[in-house]
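Here come two complexes built around chain A, the first alongside chain B, the second alongside chain C.
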Partner chain A sequence: MLAEIGLVSLALAFIAALYAIPASVMGARVERTAWVVSGRNAALLTFPLLLIAALALMAALVGEHYEIAYVWQTTNPSTPLFYRITALWGSQQGSLLFWCVIMGAFAAAALAFNWRAYQRLMPYVIAYTMATLAFFIGLTLLLENPFARYWVSLEGTLITGVIQPAGALPIAADQWVQPDGTLVFAVNAPNADAVPLMTRLGQTANGLNPLLRHFGMIIHPPMLYLGFTGMVIPFAFAMAALASGDLSTNWIKATRRWNLTAWLFLSLGLILGGRWAYDVLGWGGYWGWDPVENAAFLPWLIGTAFIHSVMIQEKRGMLKVWNMFLVIFTFSAVIFGTFATRSGLVDSVHSFAQSAIGVPMFAFWAIMTLISVGLILYRWQRGDLKDETHRTGILSRETLFVLNNVVFVALTLAIFWGSFGAPILSELFMGTDITLGVEYFNAVTPPLFLILYLLMGIAPLSAWGAMSVGRLGRALVVPAALTVACLVVMVIFGTRLPAALVGYGAVLLAGFVAIYETARGAWARRRATGEALLAASLGIFARNRRRYGGFIVHLGISVIGIGVIGSTLYQQETQRTLNVGGSLTLGDYTVRYDGLDAGQIAEDGRVMDIANLTVLRDGAEVAQIRPRHDLFPGDGAMNSMNIAGAHSTLETDVYVLLVGWDTDAAPGRESATFKVYVNPLINLVWWGGLVLILGTLISVAPQDSLPSRVRAQVTGTKRAGAAA
Partner chain B sequence: MMGIFFTHRTSASWFDFRSFSLRLCVLCVLLFATPVFAQTPVTADAVNAVAKRLYCPVCENQPLDTCMTEACYRWRDEIRVQLEAGSTTDQVVADFVLRFGERAVGTPLDPALRALTLVTPFALAALALIGGVFTFARWRGRSARAPMRAAALQPNDDDYLAQVERDLRG
Partner chain C sequence: MAQAAWEKPVADAPSASGRDAGKPAAAARRGERLKFLIGGLLMVGAVIFLIAQGMSAGARFFITVEETVSDPAYLGQSVRVSGAVIGETIRYDAENLIIEFEVAHVPDNIPNAGEALHQAANDPNATRMRVRVENQVKPELLQHEAQAIMTGSLDENGVFHATELNLKCPSRFIEGTVPSLGQSGT
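Coming up: the complex of A and B.
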């Protein structure tokens, strides 16, 4: 029954999405409001229908309906309830359905919040969001259906199908499996060894991929999906502006929050993905430049370029064509990333298995990109996208933002080339399969990131329109002096690597500028209004959340930069085999091996071999850690994981992996091999991520969400200023 | 040794420059790298240092030093054996490339492929920069042709508060 509910809901959602497209567009063309409203209602209906389908699948997962193939593939009787729920996005079919639900939610929210304010754009927004949604529902319904079931043929074999095949029967209580695997149809058990087919299905079920049984992996995919699907809304508004001819800043105003919200989720997804990789993949790092990681990073990079460049259009009416291109390519990168992850184009620990959705997805990506670019070119040649002003200085903020866009685009192209371009082209045209790994990315990206951090430090100090060298230089004095002071302290305390000093210099400058500008703003307000410093600080955040939220984001990115430089350039590692009581020293830390707890059985059936280690610093014990090896019996190829034991401080992580042990020795006396990493400053990556999220939340929050006390202060000050 | 240079090929072209250059590169490594003939114990760190430069030939995009599959354990052991036999890091890497192809390394050893992969991103970055410069030049060109309006430019001696207020006003 659950499969039927899910299927019908999915099919109705597909029909509703398809109907909404012509209804809204034709309604707009012939000016029949009732048609547009009908299209809107159909679009709004997709979300509850998709939600019902997802809930039906979740109920099947929780209720152990192993006759549904997806439930059999992603759970088994020992799967805990929590992972039964998260199994909804644990494999291709379920995650596609989950993607559709989130996309439907974003579309419904965009329609609900923007319907009255942007009526001219809305018919086309409906058309673009529903076209995207209909495509993904179509994929789910026709190619990767999570409600496909097992059926029993009259010959007693299992068949998988969405609809009951001719001559096959649904799985029922009167089907029994003999010990030799043959199927018998009988009301009661034909003999004592026979088991009901339903029970047998449960016994043989796959269970969730072990790599997905981690907190980071539970939240990371939904966050990425929220980021990916959220980017569809700005795209739909931009295309609506092009299609309707309303090329004022309306579409920018409408999409600012949607864009930042999607960017926030994408950032969260990337950070959580890094944390998952660090905890679960067991290689001592968080970013391996894997093509699938990069596929998620590309829309983030272009989206970030857009967030900056769209300000130029808002403030100065410039770069209208460029902003359209950025919106399209952000969306294009989202679809391409989804295609790369789900089609089998690249093989990675992050990707889904090879699938039939590759060709239609590639076709959709190409068609949407071509239509969008065609629309821009149409408006461009009509002169509808002309800049409103051209006057600007060489050091103006818009010039520096253009430079920032150049670097973001260069980074995007370089990462795309390394992840997809070069491997695909070399295979197609040279017949050589190549991998571009860390060496490539470490050679190509650091100079670009360095320029980006320098621009992050300089651009906020500049002004719109024009800026003199002297004034910019004066504004830079304090942050630059603080940066130099920090670098001197670092050199004194032993940081001598030129690459590290250059990197830290750029990152610190960007961070100090963010702090300095915020402090300067608060100070200036205090001087002007006579408020206390704290009130003045709250006041500037209240008056312009976007500017000061942005500074907090910059600060977060600077903190991440410090963490990345420290953990990359100063990472130490060693591998050693130790007897019980033996120890090894790496950097300032000593790790002592105290023994092995082999063969521990966890609640979910996994077999854990756990090493007991003591971490010492300067001879004093600082932590007990327990790296372990998990074996998931019967979970197929990917059936084991190395979970690191880590002693984390803000300064350093001591990260230890159990990579082998002697199974012949007496229990508790086994020698074991450990891989030990000392990762300096790595925790700043996560803390910086939190600061970044906080800054984005401040930027994206509506003005009237401020505490009433602060609001009163701000409006009071405004009135006082007006009276004066 | 000749087998490294001349092998039977089924392709239409009798001379494959890329393949030839790769083999030449490998030969240079074999000839000029200084072999250590003594049987010296090789640490796991030395093995991992070599494995870090290699990628698992069966699991795509997985560095060999961190891959935990049974096959990779065996390949790491093979690296240890080769190092113990006196091979240098470059020789071991070249051997893996010969056996498993260019996908066994993080950047191709073949000079033509290597140049192509490493030069292209900088060429793309240069293109992006040219685009930025072109945009700026267009602004400046139109700005020079347009009559100046004093209000459009901000005076440089504005105090900081005025700038913040302008920003706040949007």
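Coming up: the complex of A and C.
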């Protein structure tokens, strides 16, 4: 029954999304409001329908309906309830459905919040969001259906199908499996060794991939999907502006929050993905320039460029065509990233299995990109996208923002080339596959990131329109002096690598500019209003959340930069086999092995072998850590995983993996082999991520357009009028 | 509301009446465009240089096991190779973190990746190559019929020294598997 509910809901959502497209566009063309409203209602209906489908699948996962192939593939009887729920996005079909639900939610929210303010744009917004949604629902329904079930053929074998194949029977209580695997039909058990088919399905079920049983991996996909699908909304508004001819800044105003919200989720998804890799993959790092990681990073990079460049259009009426291209390529990168991850195009630890959705996804990506570029060219040749201002100084903020955009785009192209361009083109045109390893990314990206950090430091100090060298230099004096002072302290304390000093210099400058500009704003407000410093500081955030939230984001990115430089350039590693009581020293830390707790059984049935270690610094015990090896029920070798033990401080992570032990020794006396990493400053990557999130939340929060005093007066007048 | 005092105002760009006084406006605009054009070209040149430098450091042929062992041109050269892991050959020295195993050539004429890996790993006539990985913890996915993607080079003794080892297990990741009723677990 759950499969039927899910299937019908999914099919109805598909029909509703398809109907909404012509209804809204035709309504706009022939100016029939009722048609547009009908299209909107159909679009709004897709979300509850998709939610019902997702809830049906979730109920099947929780209720152990192993006759549904997806449930069998992603759970088994020992899977805890929490992971049964998260299995909804644990594999291709379920995660596609989940993608659709989130997309439906974004579309419904965009329609609900923007309907009245941007009526001219809305028919086309409906058309673009529903076209994207219909495509993904179609994929889910026709090619990767999560409601496909097992059926019993007349020959007594299991076959998979979404609808009942001719002659096949649904799985029922009167079907029994003999020990030799043969299927018999009987009301009662034919013999003592026979088990009901439903029970047998549970016994043979796969269970969730152990690598996915981690907090970061549970929350990382939803965050990425929220980021990906959220980027569809700015794209839809931009295309609506092109299609409707309303090329004012309306579409930018309408999408600023959607864009920032999507960017926030994408940032969160990337940070959590890094944290998952660090905790679970056991190589002491968090970013490996894997094609799938890069596929998620590309929309973030272009989206960041877009966030900066729309400010130029708002302030100066410039870069109209450029902004359109950026929003299209952000959407394009989202669809391409989804395609690359799900099609089997690339080999990656993160990718899904090879699947039939590759060709349609590529076709959809190409068609949407071509239509969008075609619309831009149409409006451009008509002269509808002319900039309102042409003149600008070479050191003006808009010039520096353009430079920032150029570097972001260069980074995007370089990473795309390394991940996809070179391998695909070499195979197409040279008959051989050339791949670019980590060395490529390590050579290309650091100089570009360095320029970005420098621009992040300089651009906020510049002014719109024009800026003299002298004025910019004077504005830079305090942050630059603070940066130099920090670098001197670093050199005194032993940081000597030129690459590290150059990197820290750029990152610190960006961070100090963010702090300095915020402090300057607070001081200026204090002088102007006489408020206390704290009140003035809060006041500037209330007055201009976008600007000062942006500085907090910059600060977060700077903190991340410090963490990346420290953990990349100063990572230390070693491995050694230790007897109980033995120790090894790495950097400032000593790790002592105190014994092994072998064969511990966890609640979910996994068998854990846990090493007890003491971390010492300067002879003093600072922490007890317990790296372990987990073996999950089932006989597959990949049913096991290494969980690192870590002693984390803001300064350093001591990260230890238990990689082997002597199983023949007396219990508790086993020698064991450890791989140990010391990762300086790595926790700043996660803390910087939190600061970035805080800054984005401040930027995205609604801002009162009128001061509270004026608002109170207006409200009072209205009330008085109403009372009269 | 007017811009607050602590925010940067929008200033006028240098105009014909300012620094460029006396010059025709069009000439000043051309001069500015030229500056942006030169700056842009320098940027493009720098990025191309970086990409070229990166490619010379990181570009590798992605080849098959058969190509690696049969073509002497690849001997000693850093390449990326894909093969099917033969489970019974896996040896792991946990004390010194040395992994040794053999991979078999995966035929490219079988569309289903899982089936291709299965055939390759179980075909005694398939071309095989010995692999040695040092200083790496044995990955959980290193098992029979897993797809190994390795970066490294082949030595004169026919051993491939991998500096990077990535694995993918098709039996687990390929969807659409029908349960086998005769055995429990997968």
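Observations on the structure shown:
Basically, the second predicted complex is superposed on the first by the 693 of 724 C-alpha atoms of A that agree within 3 Å, B and C clash if a C-alpha of one lies under 4 Å from a C-alpha of the other, contacts with A are read in each partner's own complex, and residues count from 1 in each chain.
Definition applied: a residue touches a chain if its C-beta (ideal position, glycine included) is under 8 Å from a C-beta of that chain, and two chains touch if they have at least 3 such contacts.
Being a predicted model, the structure only gives us computed values, none of them experimental.
Steric overlap between chain B and chain C is present once the structures are superposed on chain A. Once chain A of one complex is fitted onto chain A of the other, the partner contacts of A:521 extend to both chain B and chain C.
Of the two partner chains placed by the overlay, only chain C lies in contact with A:183; chain B stays clear of it. When both complexes are overlaid on chain A, the residue A:206 reaches chain C alone and has no touch with chain B.
Touch criterion met: A:69 reaches chain C, while chain B stays clear of it. Legend: residue contacts after superposition of the two complexes on their common chain; A:92 is shown touching chain C, with no touch to chain B. With both structures placed on the common chain, the touch criterion links A:405 to chain B but leaves chain C unconnected.
Put simply, more of the residues of chain A are touched by C, taking chain B and chain C as the two choices. In the superposition on chain A, contact of A:159 is made with chain C only, not with chain B.
By the touch criterion stated above, A:436 is placed in contact with chain B and with chain C alike. Looking at the shared chain after the overlay, A:687 reaches neither chain B nor chain C. The clashing stretch of chain C relative to chain B, chosen from 115-123, 151-159 or 169-177, is 151-159 in the chain A superposition. Under the contact criterion defined above, the residues of chain A that touch both chain B in one complex and chain C in the other are 282, 315, 347-349, 390-394, 403, 406-407, 410, 413-414, 417-418, 422, 432-440, 443-444, 448, 463-467, 520-521, 524-525, 528, 540, 543-544, 547, 575, 577, 640, 642, 659, 673, 675.
Across the complex, chain A is touched by residues 4-15, 29, 32, 35, 39-40, 43, 46-47, 50-51, 53-55, 57-63, 80, 82, 92, 94-95, 97, 113, 135, 137-138, 140-144, 146-147, 149, 151, 164, 166-186 of chain C. Listing the residues of chain A that touch chain C in their complex gives 69, 72-73, 91-93, 150, 157-160, 177, 180-183, 197, 200-201, 203-206, 209-211, 282, 315-316, 344, 347-349, 352-355, 390-394, 396-397, 403, 406-407, 410, 413-414, 417-418, 422-423, 432-444, 447-448, 462-467, 520-521, 524-525, 528, 540, 543-544, 547, 575, 577, 633-638, 640-642, 657, 659-661, 673, 675. Residues 18, 43-45, 48, 53, 55, 59-63, 65-66, 68, 101-108, 110, 113, 116-118, 120-122, 124-125, 127-129, 131-132, 135-136, 138-143, 146, 148-149, 152-154, 156, 158, 160-161, 163-164, 166-168, 170 of chain B are the ones touching chain A in the complex.
On the chain A side of its complex with chain B, the touching residues are 281-284, 288, 290-291, 314-315, 318-319, 322, 346-349, 389-394, 399, 402-403, 405-407, 409-410, 413-414, 417-418, 421-422, 426, 430, 432-440, 443-444, 448, 463-468, 470-471, 520-521, 524-525, 527-528, 540, 543-544, 547, 573-577, 640, 642, 659, 673, 675.
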